[in-house]
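Here's the structure we're looking at; comments come further down.
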């Protein structure tokens, strides 16, 4: 019974945190643009509005893909430790998280493909290429972590960090931490790697044909995506927090770092993004992996 | 916010629970970024730093599917009318249109031109008008607040009127544009059944 | 059920199908399926038993031994099941094409010779069935005439080279140990020197590597797959590739015990590291090449080469978990890869012969069941949780990480992301996007094609959620090899350093899906729009031209292209040219008129005399 | 040289008969000639360096019942003096079913201008590769830019005939 409560608590809180962070990001961007910006509760208002509209659907896969992608995000959230709680820590660990993280983009790709709109297909192909770009370094970083802590499960990594201090400051892991910082905007899909939903170029990419309810689901998926990216970083590199309060503060801290970058940076083209991702972060991650491999063999 | 044009009741939680649909529509008007005519030059200053429209929840969006506010900015030429009708029909309901500037109202300074549409109201339903030959961003905000009061009173029902009298609208459109490339949005029987249920409901 | 009766029925049945075909086509189809049903039933009845039956043949009094043990059982069952589905699939597929009796006869011959290899207990019968399989595969690959014959030629040349290497290996084993039976050899091999063992390993590595399409020896596979008829390429890439895997496992775990194999030869430059390296390269390069392909079957062929790399990694790594991961991946790959080939075959059947990805699109509206089967196959290929590909890949990654070799794990994980890219390209170009007008009146796949596809998709799901079933059998086979089995339960693996329980992943995903589906049904009902009512900046949607599929990953592929010149293929064609020129040179010597030959003899004698005079050799 | 085109004017007058050229000081030179000479004049001017056809426009002279075509040429090549000079080549064609030769062989960029004149003035350019309408959606019996086209009457006939969509709230 406690497990069910934990699951409900973590998933609802993750959703609220994600939406709050989107509202905060619009507010911070506005403030940086020297204007007032929407209230912090604007994403909640948008979702209420979207649910009061009659959306247009292009077929069963169009709906099913959307639900499949949001389910993937929700389930990933259950595997990530939230402060002290990790509802489904029993099974798998980082490898399972990695594989569950690919359900969300796959779901959106399928439903966007079904909308028979080339803008959506271009957006999805950009999403796949960008994912392939940052996965190269993300995999090396996670492998260096797993070999350094000699475990696959993320809960153990958090525990060892609580005693031994943040892994960002452990000597062999600093390089990997730096590489992770460089690819973080790409994982969360925020500027300078926002070319997937570029409203000006490909009329918001996969979301070109999304109407009322689908936009609500897409925003929720984006919220979960931001939460997952941040909580993975906080859990793996910033010690994860012994209780929920610490965890949320660290989350906010990490979020502000990337939010400021998001507010002022222009948008990369997809070749520039992949070339960049395969050059500097990949180099750092590779060096990090070698260091860890040598020191702990 | 001037008293006359309706107060901003976004933080009034009671109203959120009483009619979430209306409140949601009011405080998250996503405008379709479609430059129909000369008026579009007024939209960028409206949404950027000096007259920030985002504080009212109004942001430009790329495709009609994501929009619920259609701002017809400036004069409407016969050629652009075809694209306006297509975009309007692709927007999900409830949707609101606002005629921006004097040209959509009655032709404005092009009142006697052979190539512009005089009364936009004959082809698509329009919920609100902003007078002025390229009205200023403050006028856009007045229009938005007026739209709020219309939505509150339930009078911003252009989309229902379009659904009810679709045959008339379609005939007017075909009279001006000749044969249209897309099938009628609401087929005959579906439309009657919907309007009957609307009246009954 | 005795083994020899089983094999007798197999080959008798296939011959009978050929003859019956002359009388009535309908009866032949049914008989082919009946024989295969009998085969599957017979094999399943042998579950758990491990018996050997030695039949004395007159051939140089080498005993022909047939043996069944849990390890061979899992291979045999997969071959029989995939073969059964392929034959049912080819009922309608082959009907319109000519020489259908020949096709069925060859198909059954291939399937039963593969089962023969798996059941053989000694090298002689192993070699006989091996040759039978190679030849029938060649005939089936070149079934479509035209370009297929060149592909078949390429295949048969390489597989003959492989079997010759195996023959040399067998003979040297015989001279070394005096017997050809596997138990006998493994018993008396521990006295052999490590250099000799490495020599044997290299020889057999060439033979099994060609069949298993390891990176430098994979050249025959893409043309063979894309030219072969679809039901056969389902069998070819589903199971036939894995006979090389069976050979590797038999050799490494059966004959040369795995401890011997692991620390054989020099610490760094030994056969195990060579296999691991080639396995890793086999995962990466074909995955990138598959991104470029525009022909559906060629894309799947390159994906088969890539997935074979995972199995090689699993087997060559040597721990019990990696062996079970590799074997489980073989079993899963056989299921979802043959499923994918059948999906492409069904699409090809309906659009009579269109395989080019750029001219298809939107077929989900016309062939929904085929789409669902294709989607499940692709999810299995990627390894989405709840499908069987996930469990076997997790096992392989887990051993690689825990046993401190992160670079191999990195290559394998990166291969997965490449798989996602090209498998989405496959699904998107065929089923999603805009339906061209010429396919408006396309019917769905016929029932005889839908049944095998639905069955295989169900197996992909069942073994994804309940991986315990195949893992239990693999544990039995590991016991047979004398290795300590994995701690498993019905839902997954429970090892010390990280366990995987499909139960909570499955419940989380399914419950989450239901809750979100209810959440989705809140609010007003959606209106339905067809593909023409689409956003095109206000303009009407242009028919047939509103699909983005040509050069789908162009920014990425443009970056990778310069590094992906097919080195292996150029090497072989250079080799072939060199041999042909050398051949020409020698041909000129035999001019045919006797005068020249007399001249050669005199010249030769003169040289001999000259040597004798000068160096007085004798 | 105050009147830059002096040398060019003498040259033209010597070459072609019945033309009148006069420079007006601000680097503009108008050349009037018969409609048959226009095509040869254009190719001659192009050879002497006036390789840029800026515009073809048309003036509807209703009272003397004639349509006046104006070709505006300027020069990028040639010497600096030449570059300052703009040539306005004028000719007149009758108003009833006006026809003329196309200039697309000499100046490739003439085709949109000629399509526009065809659509708005009704001038038929013989030899034009693709004389399809450029802007207008609807057909007009009198081409709209002609002076005898009464726009107010047209608006009254077409736009005002379309009824408002009457609504229960009594909006006409």
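A, B, C and D label the chains in the order they appear, each numbered from 1.
One rule holds in what follows: contacts are C-beta pairs under 8 Å (C-beta built on N, C-alpha and C of every residue); 3 or more make two chains touch, one makes a residue touch a chain.
In this text, all values refer to a predicted model and were calculated from it rather than measured experimentally.
Of the two chain pairs examined here, B-D and A-C, it is A-C that is joined by more C-beta pairs in contact. Of all the chains shown, the one with its CA centroid nearest the global CA centroid is A. Using the average of C-alpha coordinates as each chain's centre, D ends up farthest from chain C. The distance from the centre of chain B to the centre of chain D, with each centre set as the mean of the Cα atoms, comes to 41 Å.
If you average the Cα atoms of chain A and of chain C, the two centres end up 36 Å apart. Distance between chain A and chain D, defined via averaged C-alpha coordinates, is recorded as 61 Å. The distance from the centre of chain C to the centre of chain D, each centre being the mean of the chain's C-alpha atoms, comes to 73 Å. Shared interface positions of chain D, i.e. residues touching 2 or more other chains, are not present. Counting only residues that touch two or more partner chains, chain C has 533, 535, 537.
Within chain A, residues 51-56, 119, 203, 208-209, 211-212 each touch two or more of the remaining chains. Chains touching one another, given as pairs, are A-B, A-C, B-C, B-D. Touching chain A in their complex are the following residues of chain B: 10, 16, 20-21, 23-25, 27-28, 33, 48-50, 52, 54-55, 57, 60-63, 65-66, 68, 90, 92-94.
Within the complex formed with chain B, the chain D residues making contact are 135-138, 140, 144, 149, 151-152, 154-155, 158-160, 162-165, 167.
Here chain C touches chain B in the complex through residues 532-533, 535, 537-540, going by the rule given at the top. Of all residues in chain B, those touching chain D in their complex are 78-79, 82, 107, 111-115, 117-119, 121-122, 125, 161, 165, 168-169, 172, 175-178.
Residues 34, 63-65, 82-84, 86-87, 90, 181-182 of chain B are the ones touching chain C in the complex.
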